[in-house]
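Next up: the structures, one after another.
Consider the two complexes below, in which subunit A is the common component and subunit B and subunit C are the respective partners.
Coming up: the complex of A and B.
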């Protein structure tokens, strides 16, 4: 086990395409860090640079107290689990798991002992003499994990290891990987595009976009205090709602308008002075709205209601005065929900589409962003 | 989907006719080989001789150095395949995995060299081999056949390596292999069907060559290949077709044996299970 450090790592393809820009990170010994972001954000490139499978254009990589930047993958003492498992198809499960130990010329008795132990931990003892083609997806995933943990490396690198599994098995394996990490405590870097995986598994999340780190934080901080609108929109499901409003002075606190509702917001005086009487980007999570009239409420007309049993997703249009005009992220947002809002309502009765629906808000949970830079301002 | 009766009839008729078309020449070689000379020119031809002359095979072996010619062919084909494969495996792997300046052009250049006909290369090759005193030596056809096999096998193997996920060798490298170690310990075992198919093609190409052997191995009869030996059975005035056909059948047997040995490796799908 070891800590890990990346210093100003940069990767440029073909002299023009910047896949990773000034990536710096300290990973503590035994920490579970998740790199998350949309496709092409550079998370897998960062992982491959740590593994030594891609050379960095510039920057240094440290594992423990060794600068491994120029080391071949074999010398870095790391283990990796690939998205497609990459099991050796010509070898049995036993030989697949033992492969790394054989390459390091471990005694045969020791190899057998460790393979058996890993097989017991992962509950694959009965599969040891099978070939990978005779295994199910979940079993292959376990063998891939076994091949990684048997070597007792300094760190695990996992590149979207659950993305090929069906939804149910993914949830199961997610819990198993979490439990495995608790048990063996090896420093782990895990890459995923699934924010739910990131939120449930990570000690810390590194959220990336276009090769640039957007925020490094623990899951709760990332959810409650997003650094910018991209982070706010990426973390949470359904994603955060965005609308635009003028920031004005209220009786006690600064206020924003949403339809006919006036919502007070928390803002430092100097920040308010900078944005007073200007449009700001407002973020409100779907779960921070509730049905019924409250201190701060408005009436909306749902254009779609989705029932998930215990909860309902109510879609309604953003009031015309609040539609987002110029924020860049909205058009890039993968779910392209611009100018439609979602309220996530728990344990409510039937809701008619098109009928007036009173909704109340929790003003303290409102996020404000600079409309140009999209950085959080409260 | 169930086939209708007319569809089944059409399918079976097509299969039977195709098989007959492919197998009849081999059958006729066999019938010609065991027929007495007088019966060969009879009309209408007999579908099977009244008195099969089974001793024709023994007669060939006793009167001609057929086994020596066969062993020369086998030696030349095996050596040409080994030489070609050892070159093309590295060439194909490099073309498949490394992005280097001019790599694609080099790959196309190799492909173009495959398009040159053997008759075009035979004269310059003769001049080169004469300089190196290889005329009359089996090395001449081993090297000449390699010039035909290498371009094809490089491209065939490149296609096969392209289909093997890069993650397999990356996993091997993380597990402790060098890039070369990953090639030998993981990629080549996984590519066995591709290697077998390529080797088989190279073997057949070398075995069936006549032009190069006829040009480079003219000096001593003991250096001839089977194809040259069979061609020498045709006389200026009299040709014993039954002897030629018997020798041809004997020359075909090693190819069948090689195919049977490699057949189990030829079945695809060995990479099944490597991925999701």
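Coming up: the complex of A and C.
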């Protein structure tokens, strides 16, 4: 077990494509850190650089107190779990798990003992003599985990290990990996594109986009205080709604307008001075709206209502005055256009599409972003 | 079911119900109900062709091998069945020598083809500049028509004017020209070399395809697990290639077994039978001495050996992987 440090790691492909830019991170001993972001954000590249499977163009990688930047993967004392499990089809489960120990010429008795122990932890003792192709997806996943933990390495690297499982099994294995981490407490770096996995498993999340780290924070902070509109749109499901509004002076606090509703916002006076009488990007999470008339409410006409049983997703058009002209930020579900918003309403009755629906807002939960830089301003 | 019948009825009505043309039109071969019929119809030409050019000649030669016949003529009364040809065959020293030569050739050529084929496949599977060109060069001998290639080699090994002898003498590796094709051991060597040269690209191409099918993940996982280059070769590459090895080995062995052009052009089976393979012997008996019955017997024995060898290798290789 060890801490890990990345110092200004940069990766450039073919002299032009920057896959990873100035990536620095300190990972504490025993921490579970999740790299998350859309495809092509550089998260897998970062993991491969840590594993030593790809060289960094510049920067240093430390594992424990050793600078491993120039080390081959074998010398870094890490174990990796791959998306496709990378189990060897010609070897039995037992040999697959024992592979790393055998390559390191451990005594046979010791190998057998450790394989048995790992099989017991992962509950795959009955599968040891099978070939991988005779296993289900979840069992293969366990074998892949077994191959990693049997080595008792300094750190685990996991590259989207759950993305080949079906939704139900994924939730189950997610919990299992979490429990396993708590039990053996090895420093883990976990790569995923699924924000739910990141939110549920991580001690800390590293959210990336186009090779650049957007924010490093624990899940709650990332949800409540996103550093920019991209982070705000990526974390949370359904994704945050964005609209545009002019920031003006209200009776006691600065206000924004949404349709015919006037919403007071929290803003430091000096920041307000900078953005007063200008358009800002406003973020409002679907769950921070509720049905009925309140202090701050407006009437919308839903054009689509999705029922999930206990909750309903109500889609309604953004008033023309509030539509974001330049939607450069990327939300999790990109197909949602800038002129539609979603409200996530809990335990409400039937909602008619097209009929007027009063919605009230929680102004304290409103996020404001700079329209150009998209950085959070409140 | 009911829906389908209803649909069929309606189709028939529109197409003229009672006429057989209408019914034929309504017979939609792409429907799941008729899919197997369509399969048989599409297979029929190939099956027919195989019968005409493979099964029938095989039956014919089995029939011939059981008769004491030199030149069979159509319409002539057939000879009585006898096992004479087989008794004579298994009693002849020539047959056993030809079998031994064939076996030696198979072992030497196949192992050399696999050694060179694997090495070149591993080489051109690496990422380097000019890889496409290297792949082309590796595959080149395969693309040269066999007869042209063998005639060229024959000239190169010519004892008086050949390039090889000139090189050996010029480089002081031999003090006088070697009579390559008129001494038993050198003649066998030359036949082997030419067959290896002609045969290794096929192995290389097959193994390269096999190499490319090995997921990169396996290598990365092995690297992380601490496997060095040799360990990766023995623990991952070679086991993953086993199925390809099996199929390729069968094809190469069969090719060496039945190849005729190389021996025929280079040595004609000589000197004193040193390069006479079973296929060469079959040819000589059939079209040199016109002993068709006897030649057919050799052919049938060769076929049986090939079938047994194939069967053996297929089951072994296929099982060893999974």
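As a working rule, the second predicted complex is superposed on the first by the 371 of 378 C-alpha atoms of A that agree within 3 Å, B and C clash if a C-alpha of one lies under 4 Å from a C-alpha of the other, contacts with A are read in each partner's own complex, and residues count from 1 in each chain.
FYI, contacts are C-beta pairs under 8 Å (C-beta built on N, C-alpha and C of every residue); 3 or more make two chains touch, one makes a residue touch a chain.
Bear in mind the structure is a predicted one, so any value in this text is a computation, not a measurement.
For the composite obtained by superposing both complexes on subunit A, the positions of subunit B and subunit C are in clash. Using the contact criterion defined above for the overlaid structures, shared-chain residue A:140 touches subunit B, although it does not reach subunit C.
In the superposed pair of complexes, A:308 makes contact with neither subunit B nor subunit C. When the two complexes are overlaid on their common chain A, residue A:109 makes contact with neither subunit B nor subunit C. Of the two partners, subunit B and subunit C, it is B that touches more residues of subunit A.
When the two structures are aligned on the shared chain, A:355 is found in touch with neither subunit B nor subunit C. Using the contact criterion defined above for the overlaid structures, shared-chain residue A:16 touches neither subunit B nor subunit C, since it reaches no partner.
Contacts of A:164 after superposition: subunit B is touched, whereas subunit C is not reached. On subunit A, the surface touched by subunit B in one complex and the surface touched by subunit C in the other have residues 51-53, 72-74, 78-80, 82-86, 88-90, 99-100, 103-104, 131, 133, 147, 151 in common.
On the side of subunit A, the complex with subunit C involves touching residues 51-53, 72-74, 78-80, 82-86, 88-91, 99-100, 103-104, 131, 133, 147, 151. Considering their complex, residues 215, 217-218, 220-228, 231, 235-236, 239-240, 242, 321-322 of subunit C touch subunit A.
Only residues 165, 167-168, 170-178, 181, 186, 189-190, 192, 269-276 of subunit B touch subunit A when the two sit together in their complex. Touching subunit B in their complex are the following residues of subunit A: 51-53, 72-74, 76, 78-80, 82-90, 99-100, 103-104, 131-135, 137, 140, 147, 151, 164.
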